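Input: one structure, supplied below.
Chains: A, B, C, D and E, in written order; residue numbering restarts at 1 for each.
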Amino acid sequence: MTRLPVLSIITWSPFVAALIIMAFARHRPLLVRLTATLGAAIPLALAGWLCFAYDRSAAGFQFGESWPLVPSFGISYSLALDGIGLVLVLLTAIILFAGVFASWTVKTRGQEFYALLLLLVTGVFGVFVSLDLFVFFLFYEIAVLPMYLLIGIWGSSGEIRPQGLFGWAFKRTGVGTKEYAAMKLTLYLLLGSAFILVGILALYTAAGSKSFSFLDLQQFQFSARLQSWVFLAFYVGFGILAGIWPLHTWSPDGHASAPTAVSMLHAGVLMKLGAYGVVRLGLGLTPGGAVEWAWLVGAIASINIVYGALSAMAQTDLKYVVAYSSVSHMGIVMLGIATLTEQGLNGAVFQMVAHGIMTGLFFALVGLVYEKAHSRAIFTMGGFGQMMPGIATAFAIGGFSSLGLPATAGFVAEFLTFVGAWASAHPWWLLPGVIGAFLTSIYVLRVVRQIFWGPTSADPHFHDLPDAQGTEWVALVFLVCILIIFGVVPQLIVAPIDTATVPLLVKLGVMR
Amino acid sequence: MKVMLGLGGLMAAVLLLGLFKPAVPDRRCGWLSLFGLIGLAAWSFFVRPGESLFSDAFVLDPLAIFAQRLFLVSAAVSVLATLGLSGDGFARRGAEYHVALLASLLGMFVLAAARDLVLLFVAFELMSIPLYFLSGFQKRKDIASEGALKFFLVGSVSSAILLYGFSFIFGVTGTTAMGAIPGALASGQILAKLGLVLVLAGVAFKIAAVPFHMWVPDTYEAAVTPFVAWLSVAPKAAGFIVVFRLYLEGAGSAGYMWVPVVSALAGLTIVAGNLMAIPQQNVKRLLAYSGVAHIGYMLIGIAAMSANAAGMVLFYLVAYLFGNMGAFFVVQAVGSGEETDSMSGYRGLAQRSPVLALSMLVFLLSLGGIPFVAGFWAKLFIFKAAIDQHMYGLALLGAVLTIVALYYYLVLASRMYIDTPEKGGRVPLAAPLFLAILFCALGVVVMGLYPEPWVRAALNATAGLFS
Amino acid sequence: MMTSSPAALALAALLLPAAAFLIIGVLPPLRRSGRPAAWFSIACTAAAFVSAILAWRATRGLAQPIHAVWSWLSGAHGPFATVGVLVDAQSTSMLLLVTLVALLVQVYSTCYLSDEPAPALGRYYALQSLFAFSMMGVVLAPTLLQLFICWELVGVCSCLLIGFWYRKPEAARAALKAFWTTKAGDVGLLIGIVLLHRATGTFDLVELRQLAAAGQIPLAGLSIITFCVYLGAAGKSAQFPLHVWLPDAMEGPTPVSALIHAATMVTAGVYLLTRMEWLFALTPQVMAIVAWNGALTALLAAILACVQTDIKRVLAYSTVSQLGYMMAAIGAGYAGAGFFHLLTHGIFKALLFLGAGAVIHAVGSNDVADMGRLARRMPQTAVVFLVGTLSLAGVPLFAGFVSKEEVLGAVWAGGFAVPFFGLLLAAFLTAFYMFRVVFLAFFGHRPTEADTVLVGHGQTQTNTVLIGRRQAQATMDPGQSHDLSHNVGHGVTHAHDAPFVMTGPLWVLAMIAMAIGIYFTIRAPEAEFHAPGWVTPSAIAVALSGIALAWLTYQKRAISADALATAFAPIRRAAIAKFWLDDIYLAIYRSVLLTFSRAIGWTDRYLVDGVLNVVSAWTLDAGDRLRRMQTGKVQDYVWAVGLGLLALMAWIGVAW
Amino acid sequence: MGLQAYLTLAAIVFCLGLFGTVTRRNTVGILLGIELMLNAVNINFVAFSRFRGIETGMVFTLFAICITVAEVALGLAIVILLFRTRRSAMADHIDWLKG
Amino acid sequence: MTLGIVAFWAFAVILVGAGLAVVIGKNLFHSVLWLALALIATAGIFLTLDAEFIAAVQVLLYAGGVVTVVVFAIVVTERLVGERLSHTSRHIVAGAVVSGGLLALLVRALSQAHLDMARPALSGDLTRQIGTSLLTQFALPFELLAVLLVVGLLGASYFARPEE
């Protein structure tokens, strides 16, 4: 077949852009940004095209490509896309595109910044499209590593006072600095990847078919005991990235320290890699384990939702609020997965998209506010709505999506998850879900009121702040529109997702 | 054999050149050695296995040829990097240095093919004694002689232990042929076990497994860097060849008795090596400890006791060769430019010398076992070999400590990339050294991107061990 | 033909404001231009009103509801959720009310908010359009899911419009309070919907009704479902104890209060229960709760209204009270009566609010103490306000009379005697407090210091302080809340009737209120129940006696307000404290929620993350300690070799 | 005397040598300990060789002795070198490199 | 055979005693002399094993060569410092534990091994056999030994040579 290798193009075009940036764009900031925009636009356009080209009636994996890589171990570079991957690729392209614009104003070492950003995205795309577990893992690592430098170089340090029982340990580890955050994030995620790798290898060995292909392994019936612990390995490994409690602590620190675009990508897309991994590998390859451990996944997800929301409420740093809200929202994703129902799973995947866009928007906004006001301390700000109505509006819409207000993507996701939760084997999971949504409405709107409403803050630094300008609008408008479009016409997303989740559930034996 | 003779000839030539041009500060000896080694290395890739001499005391099997290539390539790269060393003193005594290095290489060469204990021992010593000399080569640096002394003393004790072990093996088998060992072991003779345990301790010194590793950081810190690069790879590889020959080859099921101790050694080595590397501020010491930890990973492959696992140890060695030597070469470049091996010399390296920093990053990632560079496959294959043998605990331990290893690699990376430079300007980089770094980087990346041929070669080399 | 079919008409009515919102929203120049945006929005709403009339006419005499749905979310077995319109007599009459009031309010606002800066006006009309769309979405919703979606949207519109003057801290706080309180109820509604879907497999109201009729809805757990749904309705329709947000919502512009917090949105809860009466009928226990709580709400709110001096707050509490009436009727099993009261109430309460708005606009204060003898200066306003008041008080020939009497009859017929008398008492109080406002504001005399004391000193002071602060704020920042700043200087003496743009809508509403009253007094609606004959006279009697008491107290001053206050001192104290509900909620929010969240935040940072840091610190320390073993002394190195050898030998078992 | 006696003797000497290397402060003293260890090995070889009746053990001993001599020469050279710079032959003092 | 036994015991006692003196003596110079005695005693042990050639080599090369070199080194270093070298021990207990433990294990292993083989009769000239095998079977190690000695001397001379 001489068909265009669309998935490869999507995956590698950011990488090529990164190479071009490193090689040719030295000391030419505009060229850097234009190249990056191009590197982001190509996947976006192709991802949009894929949504139309994907044959929903046929379902399953499409747009396949395959070349052998290490035949003696059965590793091949094979890419394909099903409904879940499709929407997540779209999400990634959207966030990348917005992220390129959100970091337009990066001043120091912009060339390296964009190159690393694009490199990271190559990894993310690769994870979503790869069908070979090994290649999947490789891309996964690419997606994790550049984060270290991105946070370490362009991040920002905060201050956290060591106190409590473990105060001495905080002094030892240097908590609060960007180096600490970067290191914690990277090491934590790499630890997770070790679990994943062990799980993958265990399946590979047990199958004995000398193939890392997802499709081949899926055919194999693994023993119940193996499925059980391999699922746990996947759950822990991917769960770290998805921010499951209590392995989530890298996420607030990491997201708060990271530069805008990185927070956007990381909270918006990378955390989804974790959830995606649980769905794809956990549910897809070890269905027995998934059914066996659903109670645990759901229980921890419930904790995540409520605990994350309460933690977010306690924060005084704007970025930490958003970061903890991610912990809470990822709980909804995991809850949806744990329900093992069609609606729940659809909701989970939808929440990945919705939360991705929403949190991307949030971080972009926080970045803008910080850029203008040079502060992230919520309770010193006030009355910004007058000065930056555009940012205020976008923030409010993001907030509404976050608390699951209808007509935004967040609602559809949460609603589907709740329906799924009640239909699952543990209907009471519904309660933490709705409580979390309610708590979200409290902490999000509280922040909105504090920052944008009320009288102008007494601090003269906060007078005469400009609204978003020029390219800054691109990310905001783009993300807001998508958030609303997906909320109003969820079918755009749910239809492809459904083609993937239903067969998965049939395989799980929980659905006819 | 012909390659070996060629090597001997090369050594003689360098010696003669040194004799006739004494104390002239030029690098002729170095270039001669380099081209000779390159030629020999190229030649070695055309050697076919099967040669057997001295009533089977010297057999060129695939493993020997693989190891010889590894020795030759690493020596060539090291000599290349040596040519990048600045300063007259070194050039003036170049003949001694290169003769010793070639002699040691000759020892490894024979070691790889030796099937007789006497030959093995002599080769082992021929390899070791020049190393003591080489590690103290910068005799004006007073720590150099300290490092050499420690290396020498611990090494001598270990040699004694090794030889003591040999004596028991000889006593049990009544022959110096190594082929008799498995039989003796299988027959349950206690002295065979005793002998092999003693030999294991001796070899553990050479490969620097914990707790036989303590000379490593001191010696590495003291010795001249290109030599350390080689020291950190080639003698270790030789040590592993000895392990293959004595403990794996033909051992059959009797080999399983070694699994617990080797596993324990591996675990201990990984843990201690990695933990002790954390607080290091001197990059050479850091790499030394990390090297110790890598030995632990390779020992996992030994503990797995399969042809596959042994092959993966070889693969690991090759990956380690590129990654570790490359890292040391960068240390050499920065060390000669900044006159310090301390971490502080690396501040902002990425902005001063991006290529150097990037290569270092690549090497560190490879050592850390990150995909797309060689080290990842190496670790992966080792873990897979362990899992295949149901050694989950060891694999998990290794995986977890990989995270610790990444911590200190990333700390170094953060010095290079995150910190701002304290001074401007590129770090000066001699052309030969640059070539050496490039070669290693290329090796790391190529292996990382396309490991297949290397895997096949490694598996091919060890296929005969368990037949 | 599609164009004339009721469904298409309803759809047109629904989508026109949506289009207005979208166009105003996505075209910043239009939005920022202010007035053009306003007229665009008004035009769309007017068109929607016309469509609504046509749809209403088309549905009269329609036997079967018209049901037009499109798939919104797909599922493995057909569409999982649908959206569309459900057109029947109920929904179209509600549609009519919504579009009518929306139209009038939007017209009215052009004058009321004429001093707003253009972008703010654009924002206002965008939100108004969005509100109109969402409210109609609730009204026409064929499925519970769509209903919920639009339900939440009206909530957010309400929140944003209450917070229209977002720089005022009170407005901002009130907006969030409204949102959170209703959201708390919505959590219940959401749970109810989810549970109902699980029990029946559908969100569709028509299908649900068929299932209910066929008895195929499992009764087990149904009362939980209906109770949850009721929670949502209680939040939106300000039932005790979730009513606390509605009085505070008066911080929004008065037209908003008229539209959202009187006529339409707050009745959504009642409407929802009306739509689902057949389901609630299956769970009599919940019905009883609805009825009892409705009556309780009506009574308590009426008591609260008696001590208010803020004209809008009086109206707000009266709204709460009337919503209680509607709920009580539904709870009694006669949703029709409740719905009827909903419609009439929507008209006359909008009238009252808009009238009050005209007064506030003229006087520059909300406080009745600042008013007096306005009838002379604002005769038109006084007349229409009086129409509204009489209607609310339930005087015959006015709209409220018919419907209130229906409600009372329904409650009695439903067998709820105690709630019935509560409602009767509330009716008395309603007449009293409304006429108190009328007498104080429009008749009587210029207020003196003595008058303010009558209604409760503390309250007045708060209000004075409030106004003072507003003035201060207005002077500090001329850009904001200038309908007050602009009017503050007016005072009572310079008050005059508003221009026609404002009075026009008032007259329209007054006419409709009169027309409904007269029409139904002449042609009594067919009752679904048999109310005893004494209900009507007693209702009239309590209304008249309430008016009389107010006249005696505040006009004739025959009865001292002080005496009344002393006589009901405990109740008054409780009422002034708003039955301490706000305090309780605040305590829960501050002491429980925020404290708990801080504890969790601390735990996360210092314990959960602490463990991780401890492990890291241990690792680092272990490195340090192990490193110290490397003494640098060669004998120790050799010793380690010896020890290693010893260990190896021991382990491998050479000796045993 | 039986083989066992020889071997035991060698073991004793070996351990004595080890003890010396571990405990002596002077580098030369440590070297002496190593010599003892190697000497013990030689006894082992010769004893095995004699009792097995195979001369290769003796060959081994020869090699060992020669290598030992070379080793000692090199080692002493290093000691002298260190001595020149540090003015001390105390191994305890040669601990600049550590940690 | 009694002579053999007596000789063995005599040499063994001397060997062990001298060895002990080597490792615990206070005087470095004396230690070297004790070592020389120990090496000579070892040569005696070799004689009891009928290995005259090895014994000769032992005396010449080892006792002669090694001890000479060591004495030379001591003399050189003492001249450098100008004072007597102190020669004390450290960590005796730790050293004793390790070496004692090792000895215990070794002895136990030896006692469990089947070492009851009789000493076979000598066949032919042992020295000749050694010579033959050195030049045939062990020609390669022999050559390597030469290289080794060259390199060893090279290194020794490199280190010992004073700075130019």
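Assume a contact is a pair of C-beta atoms (placed from the backbone, for glycine too) under 8 Å apart; a residue touches a chain by one contact, two chains touch by 3 or more.
Being a predicted model, the structure only gives us computed values, none of them experimental.
Q: Using the contact definition stated above, find the chains touching both subunit B and subunit E.
A: C, D
Q: Taking each chain's centre as the average of its Cα atoms, which chain lies closest to the overall Cα centroid?
A: Nearest to the common C-alpha centre lies chain A.
Q: What chain lies farthest away from subunit A once each centre is taken as the mean of the Cα atoms?
A: Centre of mass proxy via C-alpha means gives E as farthest from subunit A.
Q: By raw count of C-beta pairs in contact, what's the busiest chain pair here?
A: D-E
Q: Tell me, please, which chain's centre (mean of its C-alpha atoms) is farthest from the centre of subunit B?
A: C
Q: What is the distance, in whole Å, between the centres of subunit A and subunit C, each centre taken as the mean of its C-alpha atoms?
A: Once rounded, the distance between the two centres reads 36 Å.
Q: So, what's the distance in Å between the C-alpha centres of subunit B and subunit A?
A: About 42 Å separates the centre of subunit A from that of subunit B.
Q: If you average the CA atoms of subunit C and of subunit E, how far apart do the two points sit, in angstrom?
A: Subunit C and subunit E have C-alpha centres separated by 102 Å.
Q: Centroid from C-alpha atoms only, then distance subunit B to subunit C, rounded to Å. What do you get?
A: 78
Q: Could you say which residues in subunit C touch two or more other chains, in rising order?
A: 620, 627, 630, 632, 634-636, 638-639, 642-643, 645, 649, 654
Q: Which subunit B residues reach two or more other chains?
A: 118, 121-122, 125, 129, 132-133, 136, 139, 145, 149-150, 153, 157, 161, 190, 194, 217-218, 279-280, 407
Q: By the touch rule stated above, which residues of subunit A touch at least two different other chains?
A: Expected reply: no residues.
Q: Got a list of which chains touch which?
A: Touch list across chains, by label: A-B, A-C, B-C, B-D, B-E, C-D, C-E, D-E.
Q: Please give the residue numbers of subunit C that touch subunit B in the complex, ascending.
A: 619-620, 622-624, 626-627, 630, 632, 634, 636-638, 640-641, 643-645, 648-649, 651-654
Q: For subunit E, which residues count as touching subunit D in their complex?
A: Spelled out, the residues of subunit E in touch with subunit D are 4-5, 8, 12, 15-16, 19-20, 22-23, 28, 31-32, 35, 38-39, 42, 45-46, 48-51, 53-54, 57-58, 61-62, 65-66, 69-70, 72-74, 76-77, 80-81, 85-92, 94-96, 98-100, 102-103, 106-107, 110-111, 113, 115-117, 119-120, 122-123, 126, 129-130, 133-134, 137-138, 141, 145, 148-149, 152-153, 155-160, 162.
Q: Given the complex with subunit C, which residues does subunit A contribute to the contact?
A: For this pair, the touching residues of subunit A are 160, 163-170, 172-173, 175, 184, 245-246, 249, 252-253, 307, 310-311, 313-315, 342-343, 383, 385-386, 389, 396, 400, 403, 405-407, 411-412, 415-416, 418-419, 422-423, 427, 430, 434-435, 437-438, 441-443, 445-446, 449, 452-456, 490-491, 494-495, 498, 502, 511.
Q: Using the touch rule from the top, collect the residues of subunit E that touch subunit C in their complex.
A: 90-91, 94-95, 98-99, 101-102, 104-105, 108-109, 112
Q: Tell me, which parts of subunit B touch subunit A in their complex?
A: 350-351, 365, 370-372, 376, 380, 383-384, 387-388, 392, 395-396, 399-400, 402-403, 406-407, 410-411, 413-414, 417-418, 450-452, 455-456, 459
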